[in-house]
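Chain naming follows the written order as A, B, C and D, and within any one chain the residues start at number 1.
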Amino acid sequence: MQLQSMYQEIILDHYRNPHHKGLREPYDAEVHHVNPTCGDEVTLRVRLDGADDGARITDVSYDAMGCSISQASASVLTDLMIGKTVKEAMAISEEFRSLMQSRGELQPDEEVLEDAVAFAGVSKYPARIKCALLSWMAWKDATARALGHGDGDER
Amino acid sequence: MSFDVDRIRKDFPILARTVREDRPLIYLDSANTSQKPQQVIDAIDDYYSRHNANIHRATHQLGEEATEAYEGARIKVAGFIGTRDESEVIFTKNISEGLNLVAYAMGNAATSGPEAERFRVGPGDEIVITEMEHHSNIVPWQLLAQRTGATLRWFGVTDDGRLDLDRIDELITERTKVVALAHQSNVLGTINPVREVAAKAHAVGALVVVDGAQAVPHMPVDVQDLGVDFYGFTAHKLCGPTGIGVLWGRRELLEILPPFLGGGEMIETVWMERSTYAPPPHRFEAGTMPIAEAAGLAAAVDYVTGVGLDAVRAHERDLLGHALEAMAEVPGLRVLGPLETANRGTAISFTLDGGDGREIHPHDVSQVLDADGVAVRAGHHCARPLHRRFGINASTRASLYLYNTRDEIDALVDGIRQAQKFFGAA
Amino acid sequence: MSFDVDRIRKDFPILARTVREDRPLIYLDSANTSQKPQQVIDAIDDYYSRHNANIHRATHQLGEEATEAYEGARIKVAGFIGTRDESEVIFTKNISEGLNLVAYAMGNAATSGPEAERFRVGPGDEIVITEMEHHSNIVPWQLLAQRTGATLRWFGVTDDGRLDLDRIDELITERTKVVALAHQSNVLGTINPVREVAAKAHAVGALVVVDGAQAVPHMPVDVQDLGVDFYGFTAHKLCGPTGIGVLWGRRELLEILPPFLGGGEMIETVWMERSTYAPPPHRFEAGTMPIAEAAGLAAAVDYVTGVGLDAVRAHERDLLGHALEAMAEVPGLRVLGPLETANRGTAISFTLDGGDGREIHPHDVSQVLDADGVAVRAGHHCARPLHRRFGINASTRASLYLYNTRDEIDALVDGIRQAQKFFGAA
Amino acid sequence: MQLQSMYQEIILDHYRNPHHKGLREPYDAEVHHVNPTCGDEVTLRVRLDGADDGARITDVSYDAMGCSISQASASVLTDLMIGKTVKEAMAISEEFRSLMQSRGELQPDEEVLEDAVAFAGVSKYPARIKCALLSWMAWKDATARALGHGDGDER
């Protein structure tokens, strides 16, 4: 194993200097997710402007305890989502999920995923996929709640 | 028929051995436990020799491989029983644990949150089982009734060994909370009309729990299609290892079913005072699971799927017809359960008269057979109430599986006649 | 020392394999699960290839052989843990089930006869555990408290990772019904003063349940000598197979303990309305048991006894001393638990600072180690409350067993330094 | 296996023509024992004259459902016990138990065991030992009860 295949520079950069970290006001929904195996946690807030699919994501803020992968992934998530419509963001989220489930077989679409393409290497390590997805699941859950759809968590 | 029993027999190393004084083994006790093909033995060996680690918990390569073996088995089992959602598949140590899991989790509903309301049972509520159940589908419900004050009721069995559905409307009522029954009887071979009973039960809002221990090894089973809520089976009767069973449950129900065994990775977050629990299936899998056994079960599923359950069934039906015919010709032999092959599996239990009106005890029958290398089971086969229903304490049971042959059945019948000679009036 | 680690390593086929990019496997995750010697793998293979049958129930030769394998394992285990009465040995699927068995059987005492009085718990009664328990010795007691209205209390842990006995007289009182604690912590390595706690508990009439999962693999254990009531362990950490654990209980208690899982051969007589139960140990063994696994466990007991647990212990102590010393030299590495080898096992959990005051997450540490072929565990090791006690969510754990070497520890420490370089400020 | 090694003529004779069968009055204690695996049952009565070890066994009667081994063993038991003192009978019972646990390795003492020596072959078949011992365990239990020692069953 090349350590670098998992820990690409982009990931290490986001880990060392996370973007949009810290919980902010105002927000429409806040969720708290846990990775039961390692105890990693994320609290995540979403602020929307508008309703349904067309709503615009005006802020995503978070506080997280976890490994470099989960921290970097939260940072990348916020970069990607803030400013998008819910519809656009959901598409990105689906793309990221497919990438993480691809076991390194999928050629990620950099147009859509931007920095998140760096996680392609992580998808080869099943034990770490949950780390990468933790904040994304939390975001999906929070967004569903903000839209008034109740529990959007698919676990 | 493309089914080649000789080729299949070669897959089972134990069938090459001899017993007692050098007699070839004739194994007619598969309803008790099946033999294992080399493929299953190898899968377990390979797991321990190359991939062993604990699962879910490890970030190293062995941990990944072990997790893949275990979770891969779950996906394989899900497909095998007709569900696409592998999180509906819970691994247990055997089907007995699976049935207890449902009964205890229902008991725990009393002190769980309102989401578990659906599972609560108490005084005035009724649990319905049948008289042909294995003890593993009787005692857990007796214990649940005892803990909660609910009432246990049961279907009777007709003289020809079928479920007596005449009183179904009296039995399954608004008071019924759960109906638990075998898909196939381990004594009579009877295949029960599960779909029909499930429809009645659902009409009154009761849960339906099915004991598929004797069905899954012998026929294609589709749990969705059966329309039941919980369905269990056990690997060791399916060419698989000991130490592992399966409980399938509908996702919506598993989501709200309270936990049973506590510990290990079934949790979400643990504080000293209290815990929250993981989503299914992990909520129901406490402690280190039978991992090597899951690898073995996956190999067993591959094996029987490879042979084809339809082919197995056709072969067994041929054997069964032959056996029922040959046994009908033995004077004083009484088969318990249906005498025709329709809706009937390959467990053939019988009593034997010595010709002097005195019954030859199953222990004695089986001992004579054993002396010839023929392995059958004697006793009540964990279905004492069913035996009492037929006025007896015990029976001799021959049970067939994919590796058996017509010749073996002829040896069985020869042995039965010998027993009659040895103990009988003749 | 007659202990030859190279010879021992040859017994474990997995140790010859490589991981990731052709690195030799350095397995330091034995507290999670141990590797298996060829002797154990062969015992399981032999069981399935030559002796497989269901036990107790069969009158044929295979049934006799299988029963002998299973009951022989019971006798072997009894001798191994210092009891002459093998009926005190109950087989379970893992120790988690064993601990749940005690907790559920105690819960069942409420609706059992007066002979079970001794086990009843209810409002006002107290259950005492410790903050260093594995979830498997926490959650079953939480669930029992929830079902019965009893109160859960616990011992704290000192800063240096020992059980805090200061408040023992406040904790263990006339209200205490049961005290449950680990013999050895799976995180801290701490060996607890079980005998002392048991004496206090017995003085107030409480039962003592000990989780020996991490003790039995590493030291001679004599359950009689410890003076406890129930003692459990799990085979897969003892060079044995997955799918089997052991619960030992005092005969006088097992005689009157209500049943837990219902079904199969745990009965005496079954009517539809109710059942009577078999004497121990069978009362607590419902359904088809892990038979091949018992054969594997017997081989594992033979294996570690053959090597000698005293020799294992001496070897481990040498490794432990070396490891604690080498790790003390890594700046920013904090070992959880005792820093001396006295009363301490070989689980070494630690946190790691990157040199910039920021902790390197255990997942990242273990990933770097894994890239070097070094297998450790990262997480809370099923002891979340203990981690919270130390103000952390997770740790990295290296754990040693008889097949490990000083060189492997050096590789571990090298890897830890690499992780610091990779993630740290440096 | 030679069937004859288990089913010796003596056993078959006792099975075909059991001695002292049928429950009789008077009796001091009656017990009911079950072999859980096969459902075999025995009801057994004991009548004593005297107290303690020195008491004389004036009758043992029984009703049994079971295999040839368990039936024959009950018949042999009554032959042996009736007329003995409890002390003598206990010694016989111990001897029989040892024989049954010997796996065919013990040379039985015909002086003590009389017809019961025929069960030596049964001891090679673990599954059948319980059959042979069923009535003996019941007798021991009943005798203990008759002597007022409560439950003498050692299970």
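FYI, a residue touches a chain if its C-beta (ideal position, glycine included) is under 8 Å from a C-beta of that chain, and two chains touch if they have at least 3 such contacts.
Computed from a prediction, not measured in an experiment: that's the story for all the values here.
Student: As a test of understanding: of all chains, whose mean C-alpha position lies farthest from that of subunit B?
Tutor: Comparing chain centres, A lies farthest from subunit B.
Student: Which chain pair shares more contacting C-beta pairs: A-C, or A-B?
Tutor: When A-B is set beside A-C, the one with more contacts is A-C.
Student: Measure off the straight-line distance from the CA centroid of subunit A to the CA centroid of subunit C, and report it in whole Å.
Tutor: Those two chain centres are 37 Å apart.
Student: How far is the middle of subunit C from the middle of subunit D, if each middle is the mean of its Cα atoms, in Å?
Tutor: It comes to 44 Å between the two C-alpha centres.
Student: At what distance in angstrom does the C-alpha mean of subunit C lie from that of subunit B?
Tutor: Those two chain centres are 30 Å apart.
Student: Two or more other chains touching the same residue: where does that happen in subunit C?
Tutor: Within subunit C, residues 20, 57-59, 63, 265, 267, 269, 363, 367, 370, 378-379, 384 contact more than one other chain.
Student: Which residues does subunit D have that touch at least 2 chains other than itself?
Tutor: 37, 39, 125, 128
Student: Name the graph shape formed by the protein chains and their touching pairs; answer line, ring, star, complete or other.
Tutor: other
Student: Report the residues of subunit A in contact with subunit B in the complex, numbered from low to high.
Tutor: Residue list for subunit A touching subunit B: 34, 36-37, 39, 125-128, 155.
Student: List the residues on subunit B that touch subunit A in their complex, please.
Tutor: For subunit B paired with subunit A, touching residues are 56-59, 63-64, 67-68, 265, 267-269, 278-279, 282.
Student: What part of subunit A is in contact with subunit C in the complex they form?
Tutor: Residues 1-3, 6-7, 12, 15, 37-41, 65-69, 125, 128, 131.
Student: Write out the stretch or stretches of subunit C touching subunit B in their complex.
Tutor: 13-14, 17, 19-20, 25, 27, 29, 32-33, 35-36, 40-41, 44-45, 48-54, 57-63, 93-97, 99-100, 103-104, 108, 110-111, 131, 134-140, 142-143, 146-147, 152, 154, 234, 236, 241-245, 259, 261-267, 269-275, 286-293, 363, 366-367, 369-370, 374-379, 381-382, 384-385, 388
Student: Give every residue of subunit C touching subunit A within the complex, in rising order.
Tutor: 20-21, 361-364, 367-368, 370-371, 378-380, 384, 387, 393-394, 422-423
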